[in-house]
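Here is the structure we will look at.
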């Protein structure tokens, strides 16, 4: 009973990150439940078998319905494209499996709520994949907020800036199709910022947004792999049905003001996932491209030496870091998933809900959808409407 | 006729910056019209005489009406509190004087328009004090935009973050009183961002904003000097009638998306006046706390060495810098005013309007007011409504 | 024959990093020889068995002589304390095993040369653990130098700054004892800088150095684990017999000037392993605390936008990165070991020497010892003397 | 008697910086003696008259001997090329004038000592132009050292990196001729670092250095202006007789270790004048390209938020800054000279020696020469030998 038997659906970018997390957990966090990588599931039999071999799964399987019925599996990990989340999650819950689902939880708020309801009805554990919460530097920010060391929060501003689809010849991958992805930069990148805001500042009262699709048609992709794809500039084009960029303003319930921007058209930003919090007693700044660092300012510092400190969150005092390397030896993107799986594994062992759970997924979805509504209706939308 | 005879109204923070600019111009830009600092005007006779002595004015005077009638003055420089701008500027125009007015041009858009009309009717030159346009690094950004080296502009985001009134005991100075200042962070800080947006990206189509006054009452100031003041925490309090922070979103006429934030409650930010522009071919980033630098990114750079360049805009190729020191030897805040006065002096010599003129002041005021309206009416406001 | 059967001696800090590398290689570099983690060796039977369990080794063993005689092992990995390297390596070579030895290769140059000779005589592959060569950003620097894009190299300056033993109560761990560690900051940190200099710039002609032990006595450690230890401030003290800091100057054979500093007394520097290269056509800067970045400057850039570029070496064009995550998603310290093991595995598969080999270890040792000699004799020491 | 009547010899780069300082002092530091800019002196009558007009001097003069004899002058400011310093300074002292001399004080230590002796014999005030001491951020570093907040100093490392003569076609200006300039990067750039080391850490015990002239011949300059010059690539070439780069190591009398590098061949560094100090209780970092900032680290900070603080030394608490602009509004290179002249003016008014005086100039010269000797004789040279 000190094992966690996992079946995973999906094997691209996120599938690899999750597999690595399961595989690494026992080496660095030996006291956690040990994940047993039972089976990986995908539609293409040869591709999923190849993934099983490379990623270290005991076996591969092509029918997810079969997977969730297996007796020898405790946890279903869902990182298939977003449009598949709902059906699988509900079925898995009904089969009594714990669920770890990538974000965004679902294509719509209604779907997300159904998923949460199903999980609660079934009494299973449920987690949604907001991995950035698990950066040690973000945990430090959380600790500073929660302990009151930043005082009353006045401002939260956040950006998730990328540039990978700026070339108009970049093809129409599934992430650019509304019916599969739900939304574009908003649900893919903005969702992370929204979750961080919930985590660090609290609930939102109302929102108003703005979005744009800068490149309206793109070559149809002939083949897709992970985030990239191959297409021909001369071939047929299809309509991009998601946003390239979405911005919104928010008022938090605690009175703080928030500003959010998610875009895939910020030249030079490979993946700037950044936020800043200003409180009455101090501020913090974070940028995932320098994920081991948190900049911290305190108004109480002596007046001649006040300034943002560049804290390298790699000391043993920082969450998770005692398990890794000596101070100053940094970790990377994939480590957020290892820490995420640690939380999942600890929660299951302790018989409690992991955090973030489907509730957090629902809450994020509510904001995503409120922003969409505010864009469509060109007005402030209260979260209470959702 | 190679002189520019100046009379100045106001002698605090901005009065000092302008005086230094007039005084420094001939040493660094000897080909420009030479400012003759004829008279400085303020209500307090002894204080203004002291200012005259320190700042290098030939004489002091207490009645601005007298000043603007003097035959030996070509230019009236207005840097008194904002509520005095309109009356003085219109009278100066009628007296046939050129006018250099600090920002914000007026308390309302209607006032600003009257001022512009008066100046145009009188055929005088008029300039508004958006000094940040005159940072060499900002000029470089402008050059990159105008020459097409950044391509089509997708995003403009800007922040003006300060923290000087975060202490609830900081007194109720004139900048916190709507009837004198017009607005708070919005008109003081946001106005600069708006002007930079107009300068660098172009006109706006519509806006929607949000604002807050975090500290609603403050000790009444017993004495004010420049930006600071003395007050007693035990004394009577008065109501703060301006915004502590204002944020807004905008859609530019060229399709770019804009995000703006002005606040005086960002702990650790003494004066972060920063923007970023993302275009289809590149990006630039600027922060006035490091005003000699512009970060520049080009999508056309070789693929293995793409990255934001930290350009130190101190080479002879950069605007104004040949007049200063060797490359790598930086300039500071006050230099923006020297360059501003250079433009004013050159425009007068060449018989053309300086830039930015009252037209730019009006345009800025229109955005400020549209944002205010959007906040009051909780809806998007088109600039065409203004 | 597509497997690499490994036996490892040592199981602390480096043992963990190596284990993780063997374990991770097949997932991210599936075409490489697959390491089979056969046995791990240490003197303390229960501790090494615990390590075996946690780090994923098939079995544990306490006698390294037994280990190197096993038929089912191809490669001996030596990461025991430095004073054990020589004997093990020579015995392993005689037993016909390939050898991967942590740095510094030996306590003395003579020992290092014996080890190299033994490996060459036995015809086995040999590698020394200069892992920083395997940072993608360092590889980019190498590529820029080798391709001539930086021109003729004029300067190399490097620092390895740490602060973990600044507290005078920090105990006398083995790394502070000359007879076990060989030297202090010089051999531990400086060795990495010397190897990077050899890799990036070339051979040195002569050196002169200076060193200091700031804290001359420390509490004797009652128990040691990895880099840290427990000791009592009240207990007996012992003499620190290694350097706390060593600096030296060098002239490279190609005419470049070099400056090196290694210290464990740089407050605030957890592990700043940084260098800069200046050439006639450009410069690069690297700091391991931001290991995903390389700053790059080219004299050929257009004159108005010259500046150091912050290149995030996470694009597919950068060495190793296609195997990892999308651009902008960073890697950490441990990845250098995975790439190092990739080189080892590829070299063995291809029947060639891996790089860096024992030859590089010897070359590094020669510089370390030349610097020591220059300190002792207070004069420039030529590498040809060594 | 509240005036300081100045006669200045030299009117290029430094002449402009000094003129601006004299001219600006009364506006920003009204309590200081007011400099009266009596006469400026140079050999070319029309050029020096043009300088007088532009820089604001009452008159121009071509014979410095005449200048120093004038009754209406209190202070002689020497910023002519270095080979002229000695003769003028000694004559000025004999004429009873206070002396402000640019660095390096002289071409040789013997000359510098003669100058100091002459000034002391005459009982005049004497100052040497180490302007970087007068950056507010450097003053903050000094304050932190002197107050013990950094503890015992272990390390000082400094670089002055420029790139303005990297082009082999750059002509043979006077700064590249030993008989006029004394030395190259060593005396021009290194001298500043040495003075900062004396100011911040204390006296040196012994040094050893290394230098190089990378480009050994250059086109003879047909015309020189300030730092730059015109020459023809096809014309005759002359020998460069000074160092392009000089590095040295030092041991301070207080036991700290020092490392210095001055070069004009660091591509991308327009003027990186930077140092770092590591003490037992904290560290500071400074780079003149960001001269308003000091990075500060304290070991006593709470363990979860330790990191270098970016202190913007623009608050009223920072030296000189109350006289300038509000917090966050930066100053530039030229301000160091204004603060320097403030010290000079205050010292004269108070009847004390200004700091740095010729004694500091002598001390710097001793180190410069000891380093030269160490290079020539290839050995450590003790300062006591000098």
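The first chain written gets the first letter, and so on, giving A, B, C and D; residue counts start at 1 in each chain.
Assume contacts are C-beta pairs under 8 Å (C-beta built on N, C-alpha and C of every residue); 3 or more make two chains touch, one makes a residue touch a chain.
For each chain, UniProt lists the protein as follows: A, B, C, D = Dehydrogenase.
A quick note: this is a predicted structure, and the numbers were derived from the prediction, not measured.
**Student:** Both chain A (Dehydrogenase) and chain C (Dehydrogenase) are touched by which chains?
**Tutor:** B, D
**Student:** Using C-alpha centres only, name the chain that sits farthest from chain B (Dehydrogenase).
**Tutor:** So the chain farthest away from chain B (Dehydrogenase) turns out to be C.
**Student:** Would you kindly tell me how far, in whole Å, the mean C-alpha position of chain D (Dehydrogenase) lies from that of chain C (Dehydrogenase)?
**Tutor:** Roughly 41 Å, centre to centre.
**Student:** Between chain B (Dehydrogenase) and chain D (Dehydrogenase), what is the separation of their C-alpha centroids in Å?
**Tutor:** Chain centres of chain B (Dehydrogenase) and chain D (Dehydrogenase), defined by C-alpha means, are spaced 35 Å apart.
**Student:** Just the number, please: Cα centre separation of chain B (Dehydrogenase) and chain C (Dehydrogenase) in whole Å.
**Tutor:** 54
**Student:** If a residue has to touch 2 or more other chains to count, which residues of chain C (Dehydrogenase) qualify?
**Tutor:** In chain C (Dehydrogenase), residues 269, 306-308, 312, 315 touch at least two other chains, as defined above.
**Student:** Within their complex, state which residues of chain C (Dehydrogenase) touch chain A (Dehydrogenase).
**Tutor:** These residues of chain C (Dehydrogenase) touch chain A (Dehydrogenase): 13, 16-17, 19-20, 23-24, 26-27, 30, 53-56, 162, 164, 226-227, 269-272, 288-292, 312, 314-315, 324-335.
**Student:** Which chain A (Dehydrogenase) residues qualify as touching chain B (Dehydrogenase) in the complex?
**Tutor:** Its residues touching chain B (Dehydrogenase) are 154-155, 157, 159, 161, 163, 166, 208-210, 212, 214, 245, 247-249, 251, 255, 257, 259, 261, 263, 265-269, 276, 278-283, 297, 299, 306-308, 378-380.
**Student:** In the complex, go through chain A (Dehydrogenase) and note every residue touching chain D (Dehydrogenase).
**Tutor:** Touch list, chain A (Dehydrogenase) to chain D (Dehydrogenase): 140, 143-144, 293, 295-296, 298, 301, 303-312, 315, 317-318.
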